[in-house]
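By written order: A, B, C and D. Residues from 1 in each chain.
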Amino acid sequence: MLLSKTKTAIESIFPLEIKEADYARVGYHLEVILDAEKVVSLAKVMMAQGFYLEDVTAIDLNPDMEVIYHYAHTEGCCRVTGRAYTPRHAPEVPTIAGIYSGANWHERETHDFFGITFKDHPYLVPLLLPEDADFHPLVKEDGKVKQLKDIKRAEVKEQAGAPAAGEGKPAPAGGEKGEKA
Amino acid sequence: MKIERNLEEHSLYLNMGPQHPSTHGVLRVILKLDGEYIEEAEPVLGYIHRMHEKMGENRTYAQYLPNMGRVDYLSALSYNQCYVGAVERLTGIAPPPRAEYIRVITTELNRLSSHLLWFGAYVLDLGGFTPFLYSFDDREHILDLLESITGSRLTYCYFRFGGVSKDITDDFITGTRAFIKRLRMHLPMYETLVTKNVIFINRVKEVGIITPEAARRYGVTGPALRGSGIKYDVRKNEPYSIYPEVDFDIPVQDGCDALSRYIVRMLEMEQSMRIIEQALDKLPEGPVMAPKVPKKVKPPKGDCYFAVETARGDFGIYIVSDGTETAYRIKLRTPGFSNLSIFAEISRGTLLQDAISTMGSLDLVIPEIDR
Amino acid sequence: MGTEDTKIKLIKPGVTSPEAAAKIGEVEPPLVRLAVVEEILNLCRANSLWPMTFGLACCAIEMMATGMARFDMSRFGAEVFRPSPRQADLMIVAGTISKKMAPAVVTLYDQMPAPKWVIAMGNCAISGGPFLFKGQYGIIEGAVKLIPVDVYVPGCPPRPEGLLEGIFKLQEKITGKRFWPVAQRKSHVAK
Amino acid sequence: MSYFGEIYTGAVSLIAGLGVTGKALFQPTVTVQYPWETIDITPTFRGHIELVTDEETGNFKCICCGLCQLNCPSHCISIKSSKPEGAKKKALDSYMLNFTTCSLCGTCVEGCPADAIKFSDDYNLAGFSREEFYFDLVKRAREEK
């Protein structure tokens, strides 16, 4: 009920980029893959639907860093994961601190760890690291950073015809970006 | 958010912490005061940042287990449970039912000890010393019980992928029952001593108002959210382990103030005892470890999110695996981080001494916020 | 990223090495030294240590437990926890010292009136403990890198008995003799 | 609330609090005078680790596989072993434990295939230098014998 309502609401704005995840295996219901510009509109939809923001975080990937937004609902059980991609050499996404006040700290933390700039953030200074820190601890060394296809679970759901083919095939949408590297 | 330091104003800047008896650790709050009133508050974090997320990328899955006891040392077993739950979800290992029951029993005991410590320390912040002694006395009994099976008093490393490291004993079961009986006798005493105390009520009533709307904007969870009238508890909303099989309620209060949060926690202790009793009654026989757990846990590629309800709220772990023995990324979503972030807003315009009651009522554990 | 330079910069302006840091807070020798008076004073000091309320992490909870009903540190004269460093003469470093916290620890130590003592409680305060790994960027590898430490109490966290033993050891260091018997452990191995 | 009403409620909660303390006065004393008397520590207590010797032969049970060293999250164990000429098994030369980085997680004891290590019951360790807690377990075990 909650799930379908949320799905419809998100679909009204992002018709193509939403997919249902296998909750039992990944722990969230919906996965929304966004352009970096659209994180604000997702936040607006989620706010209107009564979700709260669990966290904002990132994964260091090559060539695009993945910025992750976890939303959950206080009535019932519905978790939504938003993913946005931004170039690794100059990562930048708009802030959602104007909608979710709690995002302020989460974004500062992500900035600390990954060096991602949140456009229009009211106060983007180190939160957990010392004030003069000039390093981003969770950015991986060049040799260790992986591509998106190296961390994505192979798609075995639904494609009944070709379950084995999932292994080599990158995940849709986001996966293609990894291929370009 | 940021405090502009303007020297021409007649405001007073006050540094609370990082060493302050009522910040419960090394939190620093910069307060801008107009007389006794707080104009702005800015918490400064990072004084106990211990690089847990970085360590997750350096250690294998099994080696990361001891870290979990140290993120939030007061409800270490909830964190253990979340981490093993996440890895089990990722790898598909299913723990045997007895192990799940043991996990819930010990976690709820741990929740009791956490709430007891909070109760004592909160009243101590407000100037009452005696309840602290009583609550620690009760807490020591829980620590004795948990030490007898886990081997440590505080930073437990007890759960394993696919089970628990050691089976519980009959002594533990009788000890737990005796303890519950004892705590049931002591809770009314706490009520006489604290809950009905005029001074206490005056200091916490209508202090630190968190409106449900603000709570959602900041992602506040746990007793702080339930004190604002929102009935959200991961154990009920997103049941894990054996919580669907036990009967318990979620206490909710509508006051939105520090007193409501206090009452929610006190009522939660009773519910925890109910859960423990039921779990002890239903405790099945059998092994405590899944039969085929690989020595080296190597989850397939992919990601997974797992959330549990700790004593402070919704704790989630997001693991991204690249198919090796070490996680590619481990993100810890800690409840205290979100709960503290609301402090700047709710303390604005309140009195300085109320800031202590407000901060205490959020039940902060700083290493969990800084990670 | 966490180079030697930043570490020293964080310690204190003007203090560039642990050796220099160790000199902070040394008591100047009195003009006239009377052995008897000194001995009596030391006896008093040792039996009324005033620790500072200074919890950093997990060990702080065990420190609280030591002061509370079950273990009752007051039996050995060390229960008067003072929130202000000016009133304390014993600093129990109970927990991990992060690089951000290090200047505050040194400032607190400087503010304590001499003679003063430091107990490093728990593995983090001794050497960085479990958070010591290659490439770590956030913690100080032991309180001794910042301030002189008198007694070490290992454990993660140590049991309250460990901290009590640390206090006994400190009293031994101050007065030169031990007041309390060594607790006879009952070995469970024999059972 | 009236002035006298406030005094009354204040007095009532004060007396209620005093009553709790009063009751505690008449409860039996349970104090154990610690350094003179001790209570049993739980057998599962995790202290630092110790080597187990085989009761029959008197040798260490350790087979020098190095699993504890490998599994340890904080790298506090280092083993040196050698294989004497003609011997079938490796012999333990030294077993060093840096207790100051140990997190007492128990991975080493659980992972040991030969049950050659166990937790000690040293719960009240303290010392004047860090080096006191770099244990040479082989030496310790021999001294105990």
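Everything that follows uses one rule, which is that a residue touches a chain if its C-beta (ideal position, glycine included) is under 8 Å from a C-beta of that chain, and two chains touch if they have at least 3 such contacts.
Here the structure is a predicted model, which means the values were calculated and not measured.
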**Message:** Count the C-beta contact pairs for B-C and for A-B, then tell me which is higher.
**Reply:** A-B
**Asked** Which one chain sits nearest the middle, judging by mean Cα positions?
**Response** B
**Prompt:** Based on CA centres, what chain would you say lies at the far end from subunit C?
**Reply:** A
**Fill in**
Distance in whole angstrom between the CA centres of subunit A and subunit B is 26
**Fill in**
Here the gap between subunit B and subunit D, centre to centre from mean Cα coordinates and rounded to Å, is 25
**Rounded Å distance, subunit C centre to subunit D centre (Cα mean)** = 20
**Message:** Two or more other chains touching the same residue: where does that happen in subunit B?
**Reply:** 46, 49, 51, 54, 59, 66-67, 70, 155, 370
**Asked** Multi-chain contacts in subunit D: which residues touch at least two other chains?
**Response** 42, 45, 73, 103-104
**Multi-partner residues of subunit C (each touching 2 or more other chains)** = 100, 130, 133, 137-138, 156, 159
**Request:** Please list, in label order, each pair of chains that touches.
**Result:** A-B, A-C, B-C, B-D, C-D
**Prompt:** In the complex formed with subunit D, which residues of subunit C make contact?
**Reply:** 71-72, 75, 123, 126-130, 132-133, 142, 144, 150-156, 158-159, 161-162, 164-166, 168-169, 173, 180-189, 191
**Request:** Give every residue of subunit A touching subunit C within the complex, in rising order.
**Result:** 129-130, 135, 137
**Contacting residues of subunit C [partner subunit B, same complex]** = 52-58, 60-62, 64-65, 68-70, 83, 85, 95-96, 98, 100-101, 104, 108, 130-131, 133-139, 156-157, 159
**Request:** Name, in rising order, each residue of subunit C that touches subunit A in their complex.
**Result:** 1-2, 10, 99-100, 137-138
**Prompt:** Which residues of subunit A touch subunit B in the complex?
**Reply:** 24-28, 50, 52-55, 57, 59-60, 68, 70, 72, 74-77, 79, 81, 100-102, 104-106, 109, 113, 122-123, 125-130, 137-138, 140, 146, 150-154
